[in-house]
Amino acid sequence: MTNRSSIFLPPDRYLGPDPAQKQIAEELYGLIANAPLVCPHGHVDPRLFSDPDYSFGTPTEMIIIPDHYIFRMLYSQGISMESLGIPRQDGGPVEQDHRKIWQTFAENFYLFRGTPTGVWLNYSFDYVFGVEQKLNGETAQAIYDQIADCLQKPAFRPRALFEQFNVEVLTTTDTATDPLEHHQAIRDSGWSGRILPTFRPDAVINLDAAGWRENIDQLGERVGYEVSSYGKFIDALENRRAFFKSMGATATDHAALTPYTNQLSPAEAEAIFQRALQGQASADDARLFTGHMLMEMARMSTEDGLVMQLHPGSLRSHNTAVFERFGVDKGGDIPIQTEYTNNLRPLLTRYGSDPRLTLILFTLDETTYGRELAPLAGHYPAVKLGPPWWFFDSLNGMDYFFHKVSETAGIYNTVGFNDDTRAFPSIPARHDVWRRATAHWVAGLHVRGIVDMEDAEAMMHDLAYNLAKQAYKFN
Amino acid sequence: MTNRSSIFLPPDRYLGPDPAQKQIAEELYGLIANAPLVCPHGHVDPRLFSDPDYSFGTPTEMIIIPDHYIFRMLYSQGISMESLGIPRQDGGPVEQDHRKIWQTFAENFYLFRGTPTGVWLNYSFDYVFGVEQKLNGETAQAIYDQIADCLQKPAFRPRALFEQFNVEVLTTTDTATDPLEHHQAIRDSGWSGRILPTFRPDAVINLDAAGWRENIDQLGERVGYEVSSYGKFIDALENRRAFFKSMGATATDHAALTPYTNQLSPAEAEAIFQRALQGQASADDARLFTGHMLMEMARMSTEDGLVMQLHPGSLRSHNTAVFERFGVDKGGDIPIQTEYTNNLRPLLTRYGSDPRLTLILFTLDETTYGRELAPLAGHYPAVKLGPPWWFFDSLNGMDYFFHKVSETAGIYNTVGFNDDTRAFPSIPARHDVWRRATAHWVAGLHVRGIVDMEDAEAMMHDLAYNLAKQAYKFN
Amino acid sequence: MTNRSSIFLPPDRYLGPDPAQKQIAEELYGLIANAPLVCPHGHVDPRLFSDPDYSFGTPTEMIIIPDHYIFRMLYSQGISMESLGIPRQDGGPVEQDHRKIWQTFAENFYLFRGTPTGVWLNYSFDYVFGVEQKLNGETAQAIYDQIADCLQKPAFRPRALFEQFNVEVLTTTDTATDPLEHHQAIRDSGWSGRILPTFRPDAVINLDAAGWRENIDQLGERVGYEVSSYGKFIDALENRRAFFKSMGATATDHAALTPYTNQLSPAEAEAIFQRALQGQASADDARLFTGHMLMEMARMSTEDGLVMQLHPGSLRSHNTAVFERFGVDKGGDIPIQTEYTNNLRPLLTRYGSDPRLTLILFTLDETTYGRELAPLAGHYPAVKLGPPWWFFDSLNGMDYFFHKVSETAGIYNTVGFNDDTRAFPSIPARHDVWRRATAHWVAGLHVRGIVDMEDAEAMMHDLAYNLAKQAYKFN
């Protein structure tokens, strides 16, 4: 048979087309191709690692059902969520035959032509599972069998893959009220894999979060006193941050519809908090409170040193019908225009020049890269830019990011790569795309006489490894 | 003499520069270079085809006077509209010497260097009229003569060109009150060319449309009863849609300043409609009513199956002085920022997952491609993306579209190409640009190892022909 | 030793990577590589030329302390402004050891990898000062010595460099109240260098400008009467414009947060002006007055022929802490979203078709290139587009500008290049980047068969030299 790699994973992939640039890119890529993976921002479930015998289940359970990148595309072409086995909120029936779901996926795999999801899946099939055929309706069941066989083997337990993938550190994302018992179990197990939590308090900070009142009660349980006032709320958050830090956390993570920030007086904050406790907070209260709490989070970061991450701009669950039937994170989150210059001014005026703060900004609005984010990062000591996020975690997204950000911010106000994924087996694929995209871009700078090879090589090491490690304080 | 194609229409045009990518692109282009043209969205006058002896008139009448892409550029450099023979609203004198107008055009043809209009004109001169010289002040009259000679010949009648161009289907754009008598005449003539109407009701839906009240009266005449209430208005629109459908229409087309949608109650809609009948509708009434009627149009599409097209974002007749003197469509329409995520949410929540609806979205705000449109199309079953529109119907516009849309939406949530033109002789040029731009882009995916040749070839057939045919339900 | 140019300034820099395109680009670049520099928009201090013995001081005084492009990047990485010798507003102590500042700069010069500032600095070091080593911590002092030696020599006086750089004309930017005594001194000196003033009245037009009331008093002193009414204000401005014109000015220059325009009645304008004189103008007054005065400036331009430049969209001194300690222009100006279509409509409706007006628009919001600016320039006779500005005066910025603007506006609605710099020694570097970026882009059009070589060569001459000269009326 032909070399499968020549079909869909050629060794020089993503680096071309110009031969001179490609040659330099291959040289640069070679420098860091095997560097350890630093994974400072993601959504892998820590259960994968707390149970040494954790199994991914069927290929469908591992690859399709948990991945909204995949099922949103199938849904967009009229394939129902039920037929893909996506659990309903009401517990109603959905397809249970995982081979049938896989067959549907395979027959529609052509939809992913030219998409990052297609790229990641082909990588996983090939490099992780040794699949030598192209996925389609004919090959579906054979490939299912092959992956299912793999998943029975010890080498495909999460801990074994973690080591095989050469992950140096992996962070999870955890609510403020998470007891972190899986992280504790990992520590207690004596396994050497470095899995760290990240403090994400959206569910107690955003007054309009689902179940906010219950989340506050749970927060009280965690800290051992009733969170009955704004002052106690602040105390509780500081308490939880200290706990996360004691468990190895180096960062916090914050989502908001917009990056609005504004300092309230303690009395104003207390008044809103009391309205919220009584279920009477308005939409405007929620907006003001989140804007205020982002400033408080920045303050706490200056004190405890946790790196602060902010990624605004996603209108969650745009399709209310899908949300009501299937819940959150079901592919219907749609970006909106985002404004950083005015919105972040109060926070940056107060904390942006503080050497103790690192504020990493993400965006779903690429228009802000060159207009707002790079100028902010190229001035404020605290501001760094996260890599292309979500829809832009792709070859074109990375290329655009480099072109729009690097000239004003330089690469030293960026933080390398985040894989930001729930799909653990896709992690090497995502880093491979980043490293190749980086090699291609840096090689382009070199062949056009903008940086010499000494600089190009240093930039590669920094973008592939050093910047992420430094920015997130992994020592 | 030298081969004229080497001067301005080389056979490998638009496909480079990289030789390896170009070779693949030429191979891919070759697959579909001669595929029939599917033209599902345009503004060609059906009179061209209802009269078998229709003549285009002089070269100036055919090429310059009706084409705002051309005269806006000349106007922008201080050449008066009058000197180009553009008719005045008041019937006042304008240049009548078509050779003189042509001379002015030729002397300023350098303004179109690097523009799509320049590309299309060079194609038409060469491929349609066999012109072997470059247009400038010296060659102006000789080229005028050559084109004028052509236009005398039967081979240059619209029906003959339609066949020579290998057009499979061409749709026009027609007001809701159009009796479609030219379409009827085409059908009655026995000519086999497939010319279909498209239902565009802006002039009765947008309360602030010029002559709205008269348009409503005319609508009443068409349906045979006075449109005196909102209920009768809805009935009349359904009636007209059924008539258009009976005449072969497969689609509707809607323009609005913004894509705002919002469902009114029947009582609210009736109240606004009554105010409008009495000439008392406010700007806000108009906005609310258009937003409501877009939802009604979506509802009707779920019932009658007509594909719905929406292209917002053009501030029409920005230059009021030119508008008052020369009327609409005179090159002074300027795009504005456009917001889809929030604006379309009511419509999409109600109809976006309905398998009977196809909603094709266009934009003049490229920032929405990756941020809003691709995520919407990559989730909602109803949503598909139209090709780059108007100012972006160009090599750069297409390249940007592919880069911004394909990774999130995939190509299967797009609808191939629309030529969207009034200029019938430019149709092959426009499809040629699209097919070459597509071949270049797909070849780039292949040479970088993202898709194999089997996929690349399938994508070419889909982008050049299949997607348009399927999306617009041409069977 | 190795040829230093092969290290960081190869002769084919910025033109690749494709060899065929590069060969054409080198040919095109060669046509205009030595064309005189036309510099119609910049911030060089006229003192450099009024004093024939003017010296730049130390390398640190020439290169670092005045250049916010440089120190903002160092500041963004936590290096204090004080340690870079940036003067404090309160006169407090800052680093005085210029060798030490230079050492800090050199050790952090890697931050500029891939940035335009890095490109310009490398060019200046090499071409202007003959430095053959790469700047870093080890080479810092040797390079300092080499530049300091140069600066002692007559060949490095500004007038000598002006001639060596082959500058044909250089304009400065001067407040409305500037007596232009340095320009007068240059004229009186008999030196042949052409240095012209530009009329920039922001400080008297923008009611919220720092020291507005004092500026008005100063304006009164210049014109010889108290500016006690709106009518006298208009008279005074016309008076000063006439004075600037008599001193060789061909243009005015206007900054505003937004491009809002709106005509006030004389009574409304007078009322606002009186409130401002009494220190009682509101923020809304200021906005309305600036919007009105932009229209008045357009009117005056139709009368006196001065070219009008408008560059909105910078939120100045975003970092209030830095502003309070170090003053304006300290690297903390951050762009905001900008809207031109609606904002400029009043001005363009009234003056946009007037053949006497040239209105050159700049932007810090690249999203407006294709959506708003190119359509406006491609229609209105008065509108021309300035080159990529500030953060976008870069290789990527220029490439993006060409791709977004040229198809709709054509290059003949653009005005070539502006270097827009305070850093006189960087002027040749900036023009070199523009000329190479232009050659690369035009070569790309040629190798893809869009323009023939005759057109390509004409475009090069126009973009590198003719357009700037014509647009700014340098005869």
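Annotations
Letters A, B and C name the chains as they come in the text, with residue numbers starting at 1 for each one.
Here is the rule we use: a residue touches a chain if its C-beta (ideal position, glycine included) is under 8 Å from a C-beta of that chain, and two chains touch if they have at least 3 such contacts.
Just so you know, these numbers come straight off a predicted model, no measurement behind them.
Shared numbers divided by all numbers used gives the overlap of an interface; between chain B and chain C this overlap falls below half, so the copies present different residues. Put simply, chain A has to spin 120° for its C-alpha atoms to lie on chain B, with the angle rounded to a multiple of 5. For the pair chain B and chain C, the distance between C-alpha centroids works out to 40 Å.
The residues of chain B that reach two or more other chains are 18, 367, listed in rising order. On chain B, the positions that touch chain A within their shared complex are 18, 20-21, 339, 341-342, 345, 348-349, 352-353, 355, 367, 370-372, 374-381, 383, 403-404, 406-413, 444-445, 447-452, 454-455, 458-459. Against chain A, the residues of chain C that register as touching in their complex are 7-10, 12-19, 72-73, 75-78, 110-116, 118-119, 134, 315, 318-322, 331-337, 364-367, 391-392, 394-397, 400.
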